[in-house]
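Here come two complexes built around chain A, the first alongside chain B, the second alongside chain C.
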Partner chain A sequence: MSAGGDGGEAKGGLPPNTIIGIGAAGGLIGIYLAHFLPATFSFFGGLGAICAIVWGADAVRRVASYGLGTGVPSIGMISLGMGILTALFGLSVGGIAGPIVAFIAAAVIGAIIGVLANKVIGMGIPIMEQAMVEIAGAGTLAIIGLSTVIAGTFDYAVVLETVVSTGFIAMIFIIGGMGILHPFNANLGPDEKQDRTLILGVEKAALAMIIAGLASSINLGLGPAFVTILVGLTVWYISFNKFFGFVKRDAYAVVGTGLLPSEEELQ
Partner chain B sequence: MEPLISMGVLALMGVAATIAGASEDLESDVGSQSNPNSQVQLAPQMMFPHRIYNKAVSGEPPSNALMCAIGATGAVVLMGEFNLSPLFALVIGALIAACVHGTFAMTSTMGRAASQSRFKQPVYLDMIRSHTPVIMAYAFITTFCVLIISYMMNVVLGHPFPLPLLAFIWGITIGAIGSSTGDVHYGAEREFQQFEFGSGLNASNSGNIVRFGESGLRNGYDNSWFCAKFGGPVTGIAFGMTVFLGSWITTVFDPAVSITRGWLSAVAGVIIVFILIIWNRKIEVAARNNYGPYKEDKPEEEAAA
Partner chain C sequence: MIDLAANLLWMFLVVIGGVLISWSVHFVPVGGAPAAMAQATGIGTGTVQLAAGAGLTGLISAGYTMQVVDNLPLILASGTVGAMIMISVTMIVGTWVYVYGVGCVPSSAKVKVDPITHDRQDLYVSQGTEGHGLPTVSFVSGVIGGALGGFGGSLVYYALLKVGMGVAEVDANMIGLVAIFAVGIFFVNAVIPSYNIGGTIEGFHDPKWKKWPKAVISSFVATIFCALVAVIAISQLGGL
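Presenting the complex of A and B:
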C-alpha cells in the first residue's frame, strides 16, 4: 500500500461532474464579470480563480488517488505550466473570447500530455487523459482569474504590461500551482475526505486572491485592492475555520497536549 | 560600476545567501519537509505514532519559490504604491510571506494527521502552536535574505528581470540546494540514530524513526538543534558559494565591457565547475579509502583463538 491510500479510485463526496461544472462555469463567469464590471469588482476574478483551483484540487485528488505519492506536487506544477502557456496564447489571439479560447487550447494540450503520460511513459492510470484535460483547464482559469484581479481586465496588452513584465506572473504561477497541489498533498493518507480536501483548496485559493489583490494596488489603486483583500480575507477566515472543524471531525483525537497513544490503544 | 563597489555588493550577496541557506535548511528540518517527510508520514502506519511536525508543503523548491515570490510581490507593492524605503519594504514583504507559509505548514500537518486517523495518530495542538512560529521565523529569515539578493541583482547589478521573477528563481534554487545538501543529515542520520551508524535503511526499519528524545518525546526543535551543527551551515555554504561564484565571474569579467570579457567569464565558470568536480571526486575517493566498504568479520576460528 502506498502512503497515498490504497491505490484505487477516489471515493465519496460530490461527483466529479458537479465540481467540473462549478469550476469551469464559476471560473469563466468570474473572469468575465471582473472584465466587464468596473475595477472595484475585479475581485470577481479572484472568486473565479477559487472555483477553478477547487476544481483543479479535486482533479488532482482523483488522479493522485491511484498511488501518486511524491508525484502530487509535480502534477500541480504541470497544471500551471500548461495553464500559463495556454492562458497567454488564448488571451493573445482570442480578444473578447480569450478565456474561452485559452480554455479550449488547455483541453487540447492536456489531452496530448495525458495520452503521452499513459501511452508513452506508460503510467497506466485509467483516468489520466481526462484528469490532465481538467487540470490544464483549471490551471488556465486560475492564471487568467488571478491575472484579471491584478490587471482589472483580460485584455492581452494590459495583462502583458501589468502582470507579465512586472514579474507578478511568477507569483501567480506558484501560488496557483500550490493552490491546486497543496489540498490533496496536505491531506494525503488513507483517511482523506473530499470535503476536507476541497475546503483546503478554497482556503489556499483565498490566500492567492489576497496576494493578487495586494499586487493589484499598483495598477488599479488602493480602493479595488482593498475590496479584493477584504473579500479574500473573509473567504480565508471562513474556510480555515471549516477546515479546522473537519480536522476535528476526522482526526483520531485533537488534543491540547499529551503523550503518545499507549500500546494497548494501538492494538 | 566601480569594480570595488560591485565586489562589495557581491560580498554582501554572498553573506545573505549563506544565512539564507542555513535558515532554509533548519526551517525544513523543524517541520520535517521533503526528504525526511516520507518516513515521518510512514511512521504511524507502522505503529509508531509520533509528536513530530509533518510539514508536507510539496518539495522545498516550490515552497521556497512561493515564499520568495510572495515576499517580492509585497515588497514591490510597498515600494511602488506606498514609496516605502527598500529595507522596510523587504522586511514587510518577508513578513507577509512568512505568514502565508505558516498557514501552509499548519494545514499540512493537521491534514496529514487527520488522514491517518485509522493508525491512531493524534493531532497535538501544543506541538503545532509551538513549532509553527519557529517555522515562520526561519521562513522570514530565508525570504528576507533571498529578497536582499534579488533586490541587489535587480537594482545595483542591473539585472533585467523584475524582482518577483528573480526572487522566484532564487527561491527554487535555494530550495533545491537545501533539499539536496542539508536534508541528508536529518533524513538519513537523525531519524535513524537508533540503528548502527552507516548501516543504511533496512526495509524492515522503515517508519521506525526515533520518537523519544534525551528527555521526553522528540520534536522538531531537537531535530533543528542537531541539524544546526552541520546540515544547516553546510547548506548555507553551498548556497553562498552558488550565489557568490555565479556572480563573481561576471563581476570580474564584465560582459558589458566587451564581448571578449563575456567569453572569459564563461570560461572562468567552466574552470570553476571542473575544479569542483575534481575536488568532489578526491573527497569521495578519500572517504571510500578511509571508511568503506565494510570490513569483513573475522573468521570464526580466528575469533575463537
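Presenting the complex of A and C:
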C-alpha cells in the first residue's frame, strides 16, 4: 500500500524545460532585484520565490507521479532540508554571487541524493537524479527568495541577524515546503492536470509571500512590508480564483450542499 | 580560510549522528495513510513527520540542557530521553484512539506471535487489513527508534555548535544557524530511510527492517556532504 501517484510518467501541460527556465531564471532575477533595489522593492524576492516554488511543485509532480512508496510530503521536506543547508552555505561563502553558489551547491547535493536513491536504495524512478537536482535547487531559491523579502538583502550577516536568529527561518522552512509539496499532494490522482497543480503552487507561494511580508515589517518597516503584502494578496486573489475555476472545469459537477438542516427539517 | 582539519572530529560526529537518525527511522512503527484508517499496523502518519516530531523534541531538550552544562554525555542523554518521551506519548495516545475510538485490537500482520509477549497475532487481524494499532513489539521498537533518533539529533547539534564555538562567541545568530542546520540534516536523513522502507514498517520484527544497511550507507554518503557545507557555513561566523 503506497500513497501518492499512479506509477507512471506525468503527462500534459508545459514541457519541463520551460518550467525549469521560469523557475531558475525568475527565481534568481527576483532575488537579485530585491537585493539591489531599495527596501520598498523587497517584494521582488517574493516573486522570485513564487517562480522557484512553482518549479519545485512541477518537479515534485513529475517525480511523485511514479509513486514514491510513501507520502508526497516527504519529498517536499527533503527539498527544504537540502535547500536550507545549501542556501545558508551559498550566502556564507558566495558574497554577491551567493544565490548562484547556493544554487550550484544544491544541484551537487541533489544529484548525490538522487543517485543514492536510485543506485543504493533502488527506487527505480528513471528521472530521480534530475528531479532531485531540480527539487533541491527550487527549495534553495525559495528559501533565499523569502529570506530576501524579510531581510531586504541576501547579505549573510543581515540574513543571520534578521531571519535566522529571529527564528523566521523555521517559518520559511515550513511555508516554502508547503508550497512545493502541497500542490501535487492535493491534486494527485487520475484527473490531475498540470495547470491546476501549478496554479495551486502559485497560490501557496503567494500565501508564503504575504507571511514573509508580515515578518519583514520588523526589519524593513511598515512601508515595504505593506507593499509586499499587497502584491502577495493580489497574486493570491488572482491565483485562487484561477484555481477555483480549474477545479470547476475539471470536476464532473460542483454542487452546493446548502446549510445544515435544522432540527424541524430532520423530523 | 576555513580550517577543515580542525573540524574533522566534529564532522565525523555529524556523520555518525546522521547515520543514527537514518537507522532510527527503521525502528519507528510508521503506518502512513493506511494506518490512519486502521488498515495497517503502526502510527497513522508518515515517517518524516514521526521522525521529525521525536527528533526535534530531542533537539530541543538537548539544546535546553546545553544552556546549563557543556557535558556531552548529559546532553546526549537529555536528547535521547526527550525523543523517547515524545514518541511514547504519540504511540500511547494513538493506541487509545485505535482501541477505544476505532475499536480494534492492536495486532501485527507480519509475525504470527509477538516476539516479546508471545501473544498470537494472526487471529486478531481484521480481514482485508495489514494489522492495526500498536502491538507491544512495535511499541518497544518505537521507543528504541526514538532513543536512536534523539541521540543522533543531539549529536549533530552538539558537534555543529562546537564548530561554531571554535570561531566565535555563542550568540543568538550561532544558536539559530546551528539549530536550523541540525533540522536540515535531520530532515534529509529522515526522508532517505523512508524511501528505503517504502513508507510503512512495523518495527524491528518487520522483514523490511533488514533493508537498513542500504539507507544507512546512503545517509552516510549524503551526510558527509551535508556536514561539509554546514561546517563551512558555520565557520564563516568567525569572519563576521
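Note that the second predicted complex is superposed on the first by the 249 of 267 C-alpha atoms of A that agree within 3 Å, B and C clash if a C-alpha of one lies under 4 Å from a C-alpha of the other, contacts with A are read in each partner's own complex, and residues count from 1 in each chain.
Here is the rule we go by: contacts are C-beta pairs under 8 Å (C-beta built on N, C-alpha and C of every residue); 3 or more make two chains touch, one makes a residue touch a chain.
None of these values were measured; they are calculated from a predicted model.
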Chain B and chain C placed together on chain A: clash or fit? clash
Just chain B (first), just chain C (second), both, or neither: which does A:97 touch? neither
Between chain B (first) and chain C (second), which does A:109 come into contact with in this model arrangement: first, second, both, or neither?
-> second
*Could you tell me if A:25 is touching chain B, chain C, both of them or neither one (first, second, both, neither)?*
neither
According to the stated criteria, A:254 is in contact with first (chain B), second (chain C), both, or neither; which is it?
first
Go through the superposed model and pick first if A:78 touches only chain B, second if only chain C, both, or neither.
second
Comparing chain B and chain C in the superposed model, the one touching more of chain A is B
Q. Does the superposition put A:165 against chain B (first), chain C (second), both, or neither?
A. both
Practice item. Would you check which partner chain A:230 touches, where first means chain B only, second means chain C only, and both and neither mean what they say? Key: neither
Chain A positions within both the chain B interface and the chain C interface are 3, 69-70, 73, 77, 165-167, 169-170, 173
Seen from chain A, its contact residues with chain C in the complex are 1-3, 68-71, 73-75, 77-78, 80-86, 88-89, 91-93, 105, 108-109, 112-113, 116-117, 120-123, 156-157, 160-161, 164-167, 169-170, 173
Per the touch rule, the chain A residues reaching chain B in their complex are 3, 69-70, 72-73, 76-77, 165-171, 173-175, 177-178, 181-182, 185-193, 196-197, 200, 203-204, 207, 211, 214-215, 217-218, 222, 240, 243-244, 246-247, 250-261, 265-266
Per the touch rule above, chain C residues touching chain A in the complex are 32-34, 39-40, 46-49, 52, 130, 171-173, 175-177, 180-181, 183-188, 190-192, 194-200, 214-215, 217-218, 221-222, 225-226, 229-230, 232-233, 236-237, 240
Per the touch rule, the chain B residues reaching chain A in their complex are 38, 41-42, 45, 47, 49-51, 56-59, 62-63, 65-66, 69-70, 72-74, 76-77, 80-81, 96, 100, 103-104, 107-108, 110-127, 161-169, 211, 217
